Each structure stands twice: as C-alpha cells, then as structure tokens.
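Supplied in structure tokens, the structure appears directly below.
Chain lettering (A, B, C and D) follows the sequence in which the chains are written, and residue indices restart at 1 in each chain.
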C-alpha cells in the first residue's frame, strides 16, 4: 500500500518536472556568455592562470552548445529561429576560438574577440528581452 | 518468566474489564542492596513526559492553554499488573480504582 | 591571561572554521542572482547558530555529557536511531561536497579534473584523522582558515552600498523567481545552521574537559566567533553581488564562483579564492568526518577520542575510515560537487527539526542542566528560526524539483 | 529510581573505567506472587535491533555470522555487579571477559592493526 502511494507520488513529481522555459534557457545562455566575458577580462589582466581560463572557455562553449541545441529543438515562436541559431552558434564558435587563443597566449587577438563577444552578448540580450516581453 | 523491559515499554495496557488504560512508560524500582525490585509501573502520557524529564517545557504550554489536567499518569503497584502475556498486559483492577500519581 | 588566550583562540578557530563549500556556494549564488536581498538569511541563520553553539558548549560543560550521549539516554534507542540515520545521511552528503570542494580548488589551480583528486584528497583527510590529534584538527586547520578573511576585504574594496546592504538584512519577498529565491534562502539557512557543528563543538568541550567555569568563556566565543563568521559569509554574498551579478552570471558551476575576487583583488584574488576554498573545505571535511564518528561512538557507547592511537578506539577509527572511503565514490563518478552542495544544504534545513527539537528538550532538562538550563529567550529564538527554515524547506524544495 | 529514565541506555563503565557500551536492554524476572526483580543488563546488537524490529535483528544476525567475532548468545551481566548508578553505570567486572567489547577487539585485530600506524590493541 505504502509503496504504491510512493510510486504515484514520484510519478506526479516526474510529470511535474517541466523542462525549462525558453526565457530561462536564454538566461542560462547569457549567464555562460557572461562567464566567458568575465573570465576573459580577468585573463587579459593577468589575474587567472591559462589552464583555468582555457578550461572555463571550453566549458562555456560546451554548455552553450548544449543549451542552444535544446532551445532550437522547440524554438520560441516570438523570435526568428534562424537569427537565434546564427547568433548562438557564432558565439559558441567564438568562445572556442578564444580558448585556442589562450593556448597560443595571443592577447591582442583575444582582446578583439572579447569585444565582439560583448556585441554578441548585446544581441542575445535583445533577443532574450523580446522573448521575456512576449511571454 | 523473563521479560525484556525495553520490549514492554510503550505496550498498551487494558484493565480487568478490557478498557484501554494507556501505555507503560516507566518502571519505578527500589534498590535494596544488590537487588533491584520493581515497585510500580507508570502508565499514561504524563509518565512519558516525566520519563523525558520534559516538565519544564510542557508546564508553560499547559498553563498557557489553561488546562490543569490534560494528561494522565497512573501508578500501578506491581501486585495489580498481570504480565502473563507480555504482549497484552492486563490490570487486575478496574481503571476507575487506579490512583493518579502526583 | 590564560583565559584571555583561550577566548582569543576559540574565536579565531570559530572564524577560521566558519566557511566551507556550502556557505560559500550558497552565498555566492544568492549574491549573483538576487543582489543583497538574501543577506537576511545569513543574518538570522547566524543568530540561531550563535544560540545553538552556546547551548552545545554549556550543555557539555555542565552535564559532562555530549549532546549525542544525552539524546540516546533521554529518548531511547529507537528514536535515537532515526536521528542517527537522518543526520548521518545528510552529513555524508555534506562530506562528499567538501571533498569535492577540495578537488575543485585543486582543479582550478592545476587544470587536473576533480575526479582525479577524489582518492588523493580522501587519503590526505583520512591520514590527518589517523595521525592527528583533536588539537591539530581544531586549531591547526582553523588557524589556516583565517585566510578566508580575504572575502570581507574583497567586499569592502568593491565599495558596497551600505544602505542597500542594510535593507537586505530585513526579510523581503521576491517577485519573479519565488521558487529559486526560496530554495537559495533555505540552502543558506542549512549551510549556516549546521548540526554537525553542534556535535563537533560539544564533543570538543568534553575532549578539552570543560566544566561550569567555562560558561562565560563559551558564551563570548560563541557570540564573537560565530558573528565574525557570519560576516565572512556576508562578505562572499556582497562580493558576488558586486562582481558577479553585473555580468549576468547565474552560478551553477565552481568555475564561475572562482571569478569572485578577480575584480576586487586583481593580483591575488583568484589564488586567494582557490587557497581559501582548499583550506576551508579541508577543515570542514575533517570536522564532519569526526562528527559522524562521534555520533556513532557516543550513541553506541564505544571508546572515542581523536587523540588516542587508532587501535585504542578501533570502532571509532573504523567508522571514519569507511565514511571517508565511501565519500570518494560519488566524486569518482563525476557527481557535480556544487549540485551535491545545494541539495545537501537544503536537506540540512529540512532535517533541522529532527536535530534541534530533541536538543531543545535536553537544554530544558533540569536533571542534566539544573539551574543552567535554557531561558525562554533561547528557546523561542531557536524555535522560531528552526520553524522558519523547516516551513521554507517544505515549500521550496518541491517547487525546485518541479521547476527542474 | 526510574528504570527507563535513569538506567536504560546509560553508559557502562567497567572496573578500570573502560567504556563497555550502553545498557541496551534490561531483563526482569516475574514470578507468580513474588515482586518482579531486575536480574540482568543486556549489551549488544541483538538486543538493540530487537528494539527496532525483529526483522532487522534477524538480518543483523545473518550478517554477523559471516563477519565478526563468533558469539551466539547475548552478553548478559547480572544486576548484582552494578556498583553505582548516576551519570553512568559502574560495573564490578572486566569488560574484556564479559564479551561486551568483542567487536571492538575484533575490529582492532582484523582491520585497524593491519593499517600502518594503527598501533596495537593490547599494549598499555
């Protein structure tokens, strides 16, 4: 009797485990772009070791890729999915490229990429805001 | 017959007519030299409070609720307890003839 | 003079031992997601902890019993075994989180992933327990833990808005993300009010042979040690609110927390963070392993003392050996220490009544404490905070699960 | 004196103030018309697990047959050996001889002593 009740309860809980909303997914995307940006700034100021920074960039790009894949499986209706796909994959690629630049200790190129990353961040932010506004 | 008192603890007790009296919560003993003799059994919720030495916590609540006797405690002398079936202890007297302790 | 030294050492060790992965991760998360708004959770948690630690010391000094001793004696084995099961399960999860914290600190320093560190780290923790004495663990590691003061330095250097921070000390409700807000608040309360600290503290009072004359000393140490400790947690939260939140970062990985002090202390921030976490988690891992072994040993009446040769208290040593060994397994399987931390902190809050309610009974027991038993102020403060934590936990943990 | 509050679950110390466990159980002898008498103190896992559930006791017994010291009977100490009650119970016995610390000795000999730095259980 008791096990049956537990089973029902866990089923309800499992059913209640709803996937994150597009707005929440956009927040995670922004969070990881922000992480890369902050880690990049810190690296340019010589405050973090190379290995850690590179690994953080790799982690950011990996996580970004994962979230964008989930996000584009059922794209939010309020924005153009193609535009979203473009900016997300571009950002993810940029972060991967930056990870390689850390390995090469190429600070000038890295700084330029970091500026572009800030621009990507603004674009994503605008998209995220329009998703949130329309919800 | 041998009984483990920790097994007896918390067992429900009936009186001679089969009425519910309460649970055994404490054993009052008399130490006499090398031996230790059971004098009485304490039955009821108040006996539990006493066993947990929790009167200092419970009294203020009791006073707050303005209820003097919400819990019971019976002191059953050993002669009045029939333990031939340790799972179902029975009193040899009626519930209304029991003495409230304290 | 001797008393003064004792007080100073007591305060210093409480401060040095205050932070661990739970308090840092929850405070950093709170700051990154909600700014100063959750400072109140650290505030009331610390007040409750001050009362609990003072009570634990007083209980052992007066009754010459540890809390666990008395819990078994007063409530009997069946009830005790429920508390034992609950406490040991939660403490075990916290231990996994602390070992993971050491591993992660080493990972950001060396680049070698934390699962590789699981075995070496557990071995070092075990070796310190095997060879070390209680004094070494209590004083040595906590003294090193003073490095965690850097979190407060970082917070002050970022010029916080003191008015905003003061407003955060008052509980407020969050509009948008109620479930997340509640969950982080619960985790902070769980991280601050850690029952294992009480068991550790009361066993320490017995190992150091305290008596009634220690009551004033104990009170001063509890008040100052724990409130300075609470300030460290608040330092983490404020630093995170000022350095992490503007970047839009929502902390769910250790790599993100590692950036905490890179803006405030450009030259040393990163390394100070890594070393602080390393030392703080090491100290906490030792304390928790000891607390778990104390729990078993005192509950079952085995010999116990951290200062004996292992074979003189074989079952006690056997317990921590097994616990530390088993705690390495989830890390070897890549369990994310930050996730384990957040879950175990929330579970700590949810199980607080199990640990604290029996303890309040003991603290009012005239047989154990005589005239030194609790007054109504201590009872109500602890009672209310525990009730708040429990209610918050019961509401927000299911919401968090449903929210994914 | 109240048995449950003042005796059951208290710590037991032997003649040399060595911990020998806790009062896990108390045995009472009842006769037809004689006053019930506390005859023994029981120490050990079997009595403890029985307090939780007979099933757990059975499981523990099965496990103990595979590992641990070989002992089939519960450790019982006659009440007449109780010297003093109070904070703990002081007994006029030698812990080692009663079997109350069989597990302590078994774990010391079979596990702890085999780890370097564990020391030896028998040395003073």
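Points to keep in mind about this one:
Just so it is clear, a residue touches a chain if its C-beta (ideal position, glycine included) is under 8 Å from a C-beta of that chain, and two chains touch if they have at least 3 such contacts.
Note that this is a predicted model, so its numbers are computed, not measured.
The pair with more inter-chain C-beta contacts, choosing from A-C and B-C, is A-C.
With respect to chain D, maximal separation of chain centres occurs for A (centres as means of Cα atoms). Taking the mean of each chain's C-alpha atoms, the chain whose centre lies closest to the overall C-alpha mean is C. Centre-to-centre spacing of chain A and chain C amounts to 32 Å, using the average Cα coordinate of each chain.
Our note on geometry: chain B versus chain C, Cα centroid distance of 42 Å, whole angstroms. Between chain C and chain D the centroid-to-centroid distance comes to 34 Å (mean Cα coordinates, whole Å).
The distance from the centre of chain A to the centre of chain B, with each centre set as the mean of the Cα atoms, comes to 66 Å.
Those residues of chain A in touch with two or more other chains do not exist in this structure.
Across the assembly, chain B contributes 6, 9, 52-53 as residues in contact with two or more other chains. Under the contact definition stated at the top, the residues of chain C that touch 2 or more other chains are 74, 76-77.
Applying the touch criterion to all chain pairs gives A-C, B-C, B-D, C-D.
Residue ranges of chain C in contact with chain B, taken from their complex: 74-77, 360-361, 364-368, 373, 376, 379. Residues 1-9, 25-31, 34-39, 42, 50-53, 78, 83 of chain B are the ones that touch chain D when the two sit in their complex.
Across the interface of their complex, chain C is touched by residues 13, 16-20, 27-28, 30-31, 33-35, 37-39, 41-42, 45, 47-49, 51-52, 55-56, 59, 121, 125 of chain A. Across the complex, chain D meets chain B through its residues 1-5, 8, 24-31, 35-39, 42, 47, 50-51, 79-80, 82, 85.
Within the complex formed with chain A, the chain C residues making contact are 108-111, 244, 247-250, 252-253, 255-256, 258-259, 262-263, 266-267, 269-270, 398, 401-404.
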